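Worksheet: one structure, shown below.
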C-alpha cells in the first residue's frame, strides 16, 4: 500500500489538534482592560499553547521528513501511526488543563506524560517502518540510531518527575526538547531519492 | 469517477470526528488533586474515548484497505459512503453522553445502536462497490462473504440489548468487536495490483 | 491553475462543517431516561441535523461531480468557491439555532435564507466556470440550463416566506429540495473524459 | 522535498480555522425575536466573522497562488509556514474576543496585531522561498518587491494604533487591506509553467 492516505489522514488529525487547542483561548465576557486580561490567566494559557503548538509542529515536520523516505506501508504501520495520533490527540486536553489550573503539579505531570507516550509511539512507528523496509535499507541507515529521540524521552521522564516538585522546571524541560527538535532532521532531508 | 476525493473527504471527516471527541475530556476549573480527578469521572470518559477511537480507527483502516482495491465510483457509492459517515458522525455525541452519564443504560444502548447502524452502512457500502465492479471481479472475491462484518453486527445487536441490563457488558461486547477488527484485513492487503 | 487545492480545501471545509454540527447534539448532565431525552428537545435537533447533513452532503457530491469536468481554475473561480463556502459555513450556526429554538419562525426563516444564498453562490460558481471554459465547451453543454438549481432557489424563497407562517412547511420545502438533488447529476457522471 | 504535504496541511489548518470561528456565532437559548437578536450582539459578531473570513480567504488564495510556482521546499520553509499558521491560528480567538467585547479598544488592537504578525510571517515565508529558489529565479521575479505586502503591514500598524482611539477606524483599515488583496495576484497567475 502507498503512503498517500496515511499522510493525508495524519495531516488532517494534526491540523485539527493544533487548531482546536485555540478554542481554549477564550476571554470571559467583558474582559476588555489590561487588568481583566491579567486576571484571566490568558498569558499562561497562551504560553502553554505556544509550547504545545511547537511540539505538535515538530511531530508534523518529522512525520513529513520520515514519510518522505518511506515507500510503502502495511497494516502494522497504519496502527503504529494511529497509536501515535492517539497520544497526540490528548495534547489539547492536557494543554487546556495545564492552562486552566495555573500550571498545577498533577496536570503538568500528565501533560509531560502524554508527550512521553507520544515519543514512545514515535519510536515504535520508526521501528515498524524499519522492520518493513529492512534493517539494511537506505531508510534504516538514514533513521539510524535515533539519539535525539532517546534524549527526548529521557528529558520527558525528568519532566514528569520534576512536575511534582517545581512544575515550571517540567515546562522548561519540555521546551528544551522542542528547541532541540526545531532543527529539521538533515539526515533525511539530504537523502538522495 | 476516481476515488481521490471520496477518500480525501472520508479521511477529513474521520480525522475530525476522532479529534472533536477530545473536546469532551475537559477538567472542571481547579481540579488539580487526584481526588478531584476521580470525582470528575475523567477515567470513564477516557476509557469511552479510547473505545470510540479504536472503532473509528478501525473504520479508517478498513476504509483505506477497501478503497485500495476500488478503482472507480459512481453516485450511489458516494451516497453509501456519506451514509456511513453520517452514522460515524454521531459517535462523538454518543461517546460524550456515555461518558457524562456514567455509563447509564439508555445512553449505552444508543451508543451501541449507532455502532450497529454504522456496521450496516459499511455492509451497504461494500455491496454497492461489488455491484459496480461485478460479482466476479477480483474485488468481489477479495471482500467475499464478510464473515467478520456479520459477527460484528450480531455482537452489536447483543450490545444494544445488554445495555438495558448490564451496560458494562455492552461496552465489553463493543470492545470485543474492536479487538477482532484490530488485525488488518489481510485478504485485501495481500491482493496483487 | 489546476483544481487540486480548490477541491482539497472545499473537501476540508465541508467535512468540518458536517462534523462540528454534531457538537450541538449535547445532552444535559444526568439526562438518562426517555422522558429526560424527550424534554431535552434532542429529536428536533437530530432531525434538523439530518436535514443539514443531507443538504451539505448534496453540495459536496455536486461539487465533486462539477469539478470532475472542470480542467482549470482562475482567481475568480477561487473566490466564487470561497463565497459558496462562506454561506455553507453559516449552516452549523443556523442549524443549532433552529434546533435550540424549537423551530421558531425567525430562526427557521434565516435557516432557509442561508440555503437560498448558498444556492445563489452555487449558481455564481457555475457561471464563472462556464465563463472560463467557454459557452460551447463540453462542460457548458453538460451543465446546461440548470433547471434543478432554478427550482431549488424558487423552493428556498418559498421556504423563507413560509417560515413566518408555518415553520414546519419551511422545513418540508427544504427537505423537498434535498430529495430532488439526492439523485446524482447523471449529465456529468455520464460525460466522456 | 515536494510541496504536496505542506499544501495539504496548510489547507487543512486554514479550513478548520475558518469553520471553528462559526462556533462563536451562537444564539442564547430562546432568542427568537428580532429584538432578542439585536440585543445578542449577533450583527457585530457576524460582521467580525465576515472580516476574518475575508482575510483568511485571502491568505488561502495567496498561499495557493504562491505554491503554484514553488517547486520544492526545505526544513526552513516548513517552519516559516508553520510560523505563519501559528499567527493565523490566533484569528478565531481574537475574532471571538472582538465580537463578544462589542469592539472594545484592547481586543480590537490585539485583533489588528495578530493580522500584523501574520503579514510579517507571510513576508518571512516569501523570503525563505526566494532564498531557496535563487534571487534570479522566475519565482523571485514573479514575487518581486512585494509592494502590496508592505502597504498591508503599514495599514495594520495604523490599525493597531487607531484601535486605542476609535476601534471602528481600526476595523475599517483591516477591511481596506482585505479589499486590496481581494484581487488575485495576477503576476503569479499569468506565469508560464
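Each chain gets a letter, A, B, C and D, in the order it is written, and its residues are counted from 1.
The rule is simple: a residue touches a chain if its C-beta (ideal position, glycine included) is under 8 Å from a C-beta of that chain, and two chains touch if they have at least 3 such contacts.
Computed from a predicted model, the values in this text were never measured in an experiment.
Undergrad: For copies subunit A and subunit B, work out whether under half or over half of the interface numbers are shared, and give different or same accordingly.
TA: Different, since most residue numbers here occur in only one copy.
Undergrad: Specify the angle of rotation obtained when superposing subunit A on subunit D by their C-alpha atoms, rounded to a multiple of 5 degrees.
TA: C-alpha superposition angle, subunit A on subunit D: 90 degrees.
Undergrad: What is the distance, in whole Å, between the centres of subunit B and subunit C, each centre taken as the mean of its C-alpha atoms?
TA: Subunit B and subunit C have C-alpha centres separated by 26 Å.
Undergrad: Can you list the residues of subunit C that touch 2 or more other chains?
TA: 8, 12, 16, 20, 23
Undergrad: Within their complex, state which residues of subunit D touch subunit C.
TA: Against subunit C, the touching part of subunit D is residues 7-8, 11-12, 14-16, 18-20, 22-23, 25-27, 29-34, 37, 50, 53, 57, 60-61, 64-65, 68, 182-186, 189.
Undergrad: Inside the complex, what are the residues of subunit D that reach subunit A?
TA: 1, 5-6, 8-9, 12-13, 16-17, 20, 23, 74-76, 78-79, 82, 85-86, 89-90, 92-93, 96-97, 100-101, 104-107
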